[in-house]
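There are two complexes below, and they share chain A, which is joined by chain B in the first and by chain C in the second.
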Partner chain A sequence: MTTLPRVLSIVSLLLVWLVLSAMFAPNIVPGPVVVFKAMGENIASGKVFYHLYKTLLRVGLGLVLTMVLGVATGTIMGLSRRGEVFLDSWVLVGLTVPAIVNSIICLLWFGLNDRAAVVAIGTAAFPAVSISIWQGIKGIDTQLVSMGQAFHLNKSAIVRKIVFPQLLPHILASMRYALGICWKICTTVELIGMSSGVGYQLNYWFGLFSMAQVFAWTLLFLLVMFAIEYLLFKPLEKRLTRWRTGVPALQWAQ
Partner chain B sequence: MEGHGLLDQVGLKADKVKSLSPANLHLMIAERKVDIGFGGFTTMATARSEGKDIIVIYGVFSPVNMVFVRKDSPIKTPMDLKGKKLGVFGGPGSTTFAFLAVLAKNWYGIDLFHDSELVTAPAPALAELLGKGDIDAALLGTVESIQNFAQDRYRVLLDLSADYKAHQGGRAPAHVIVATNEEFAKAHPDIVRDYLKAYKNGLQYVHAHPEVWDEYAESIKMDNPAERALLREKMEPNLVEHWDAEQIALQNDYLKLVHDIIGESVLKVVPADLIRNDYTP
Partner chain C sequence: MAHGGSGTAVGAIRLTNVAKEHVLASGERLRVLEDISFELADRSFTSILGPSGCGKSTILNLIAGLDSRSSGQISIDGARIGFVFQQPRLLNWRTVVDNVILPLEQQNFGREAMRALAAKYLRLVGLAGYETYYPLQLSGGMQQRVAIARALAIDPDILLMDEPFSGLDEITSRKLRQELLRIWQETRKTILFVTHSISESVFLSQQILIVSAKPARIFKRITIDLPYPREYGDLRLFEIETQLTKDFLEMGNSASDV
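Showing the complex of A and B:
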């Protein structure tokens, strides 16, 4: 049922791209053929894999740090009023400071290495996760918790069987959202201070005025992110939240 | 030119636009945000090969940049850079690195793009990374090259212009040039010509008034007297004095080397009509 709209969506996107490339010069909007050719050449040269590996490593580790910090602060804020008051301004500062500031500070503190990139990603992206988890905890159905207590479930069982399943959709949603933020921050860090990765390649080709290569590297990373989304995140989410019933209106829409 | 009234002498008033990085400056020239600008020669050639209507109308200076290694480093020649970490201040797409890559491949047989691990960072950071042993060699910017040479902190592995001249004889190609766009040059040939006249007057002024080197040193916060003295000693001989047929042939030959040796990574084709002397006064 969902395959056709998805295919139509991708085809229409390609058509828009084709039309734009016909309207503008190739050094402004290069056409799909030129871009896919550049991408093919990059893959054939083998250098793609190294730079992609470096970016994915930084994004992956940055995402882990983001989730650890985000879930920890969000949980404290959700469970404790004092914690909420204490961490509220931290999260606000984290949300307000531009990611490029985190990047510059981390590069100056840790040097031009992967550690700087990972810390910059983690510290810039975690507030978004904190808020999602914080709101998720506030929305937990306390009647279910009371029911668990009535059935003499111990604290561990209440957390595992009642609290965590309700929180899981928030964790998964914030993780998918954080992945996008992490990729954007990683690109910035790589652009200003790294010697490898997709952001570095974008900067390199920007310096050489090659719009086709800028598009090729962006597209390649988009394809990888799509693969992560559809081959990892969606199946994982489906499996972990299989106990949930869908919203009737949405079921009807499908 | 501006500070000593050389533009006024030819009746020009210019709005100076500063850029934080060479890449932004190149983009400003390519996108016609400035009418005349100073940029990297190879990068301007790349821009023209990518469809920008840039033309190079004069050479400014050939590289003063040097590659440094630690004094106790086992690296004795550029060939020893194989498998080593080489710091590059402008990145592998920069005009200066293209110059080094051409030298290294042409005369030392080493392909720096593939045989070395390139580390991109600002030049001051590279100097520190070299000291800490995080990189094995560093290609530094003009000012940093002069500072580190004067401080005798590291050993010079390669002086780009000196090495080029040693192998090729005669002059070295300019890696920093004056560029404009074709449309502006066609519409205002007198302005372009007058600007170059002021520029040439500026060259004569520099030779006749050595104190301008101190003014320049002060403007870039270079306080050390040894560094100040070296600034003139290293830069003055590398200024392009004549934009004549010989220099233009040299520039074209150099571009062919960039294309043949580095190729796709920097310059896909040698662009036609890039270098002009029709505006030279």
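Showing the complex of A and C:
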């Protein structure tokens, strides 16, 4: 059902790229052939894996930090009015300060290492998660909670069996969104202060004015992100939201 | 299943001079319940009948311990309480059988024993074969049946029901009322049923407590001596209903006099 539009969307994207590359010189918009060739060479040389590993490590750990900070602050804000007032301005500051400022500060504080990258990513990306979780907690069905109390479920069971499952879609959605943000911040940190990773490679080839390589590295990372989306997030989401797929035919089968 | 009660029957319940006040933000006190006293015999079927928003549900919440009373005594003698709400209040991400199991997970049943119990009560409410369905795949009436099975699965001594059929269409709720009576006869639970429908309370109950509004106070107690199973359209039920409607109107008039 959805395969056709998806294929069409990717094909049209490639077509636009092809047309643009025909209109401009290769050093401005390199075509798919040149770019895939460059990417193939990078992969063949084996250099790709180290840089990809470094970037994925930073993004992965950064995402963990993002989710821990975001879920913690979002939960506090959702549960307590005082917490909401207290953390409100923190989240606003976090949302407003450009990620590059976090990157610069962390590189100056921690030095040019992975820790700086992870902290920069976590502190820059978490406010978006906070807000999503905060809204999620506000939307929790308290009638279900009182149902749990009426059946003498203890506090821990109410949190695990009634509250958490209602938050799960919000956690999942914000995690997907945060992954994109984390990757963008990671490239920035790598570009200004690292000697490894996809961002570093982009900076390196930028220095050599190699548009084909800039495209090749971007494309490589895009492919990795697509793989994560379709092999991890989509199946996970499908599994966790199975219960939403209603069978309307049963509605009248009293 | 054996319960630990000694002298008195476990399914009995007694409220003595129970009152409930809400303190408003302005500091003003709002009386919701006043001087509520009644007793439910073991295995009896009693309805609390009153206008919408009069505080009927508060009585159930107090008995279930979901809310705290301002004064008076509630004696439930350690009875186990099952609750059926106006909305089914099912966990939509759990299958039908896992919804019924939810309150059992608290006690130390084995997985298999819980499933067997759930299957038994799902059969009782006419939902055998729907174990692996999700609530959103079921109609409102079927969802409410699941909620009834969930309340029965803990083998309660008392079943509290808060307008459980008011969200359903008339045909469905008629059917469910008849089935509720059948289930009540089979399981012999004590049932306290809150409703704003005169005909519903007459059809179901042995005893009706008519409750006035703001604050809720017991206006009248009525005993219905007709045997079960009862039929819709029974003239004796109709007579009682007519009389009750008069009482109800009278109560409305006396309330507006105040």
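What we mean here is this: the second predicted complex is superposed on the first by the 243 of 254 C-alpha atoms of A that agree within 3 Å, B and C clash if a C-alpha of one lies under 4 Å from a C-alpha of the other, contacts with A are read in each partner's own complex, and residues count from 1 in each chain.
Going forward, a residue touches a chain if its C-beta (ideal position, glycine included) is under 8 Å from a C-beta of that chain, and two chains touch if they have at least 3 such contacts.
Just so we're clear, the structure is a prediction, and the values are computed from it rather than from any experiment.
Undergrad: Classify the contacts of A:Ala25 with the two partner chains as first (chain B alone), second (chain C alone), both, or neither.
TA: First partner only, chain B.
Undergrad: Between chain B (first) and chain C (second), which, if any, makes contact with A:Phe209: first, second, both or neither?
TA: A:Phe209 sits against chain B, while chain C stays out of touch.
Undergrad: Does the superposition put A:Ala157 against chain B (first), chain C (second), both, or neither?
TA: Only chain C; A:Ala157 stays clear of chain B.
Undergrad: For A:Gln149, decide between first (touching chain B), second (touching chain C), both and neither.
TA: The second partner, chain C, only.
Undergrad: Can you tell me whether chain B or chain C touches more residues on chain A?
TA: Touching more of chain A: C.
Undergrad: Does the superposition put A:Pro165 against chain B (first), chain C (second), both, or neither?
TA: second
Undergrad: Where on chain C is chain A touching in the complex?
TA: 64-66, 81, 83, 85, 87, 89, 91-95, 102-103, 105-106, 133-139, 141-142, 150, 154, 172, 175
Undergrad: Sort out for me which residues of chain B touch chain A in the complex.
TA: 23, 26-27, 30, 43, 46-47, 50-52, 91-94, 117-121, 125, 129, 134, 266
Undergrad: Quick check on the complex: what are the chain A residues that touch chain C?
TA: 143-144, 146-154, 157, 161-162, 165, 240, 242-247, 250-254
Undergrad: What residues on chain A touch chain B, complex-wise?
TA: Spelled out, the residues of chain A in touch with chain B are 25-27, 111-112, 193-195, 200, 203-211.
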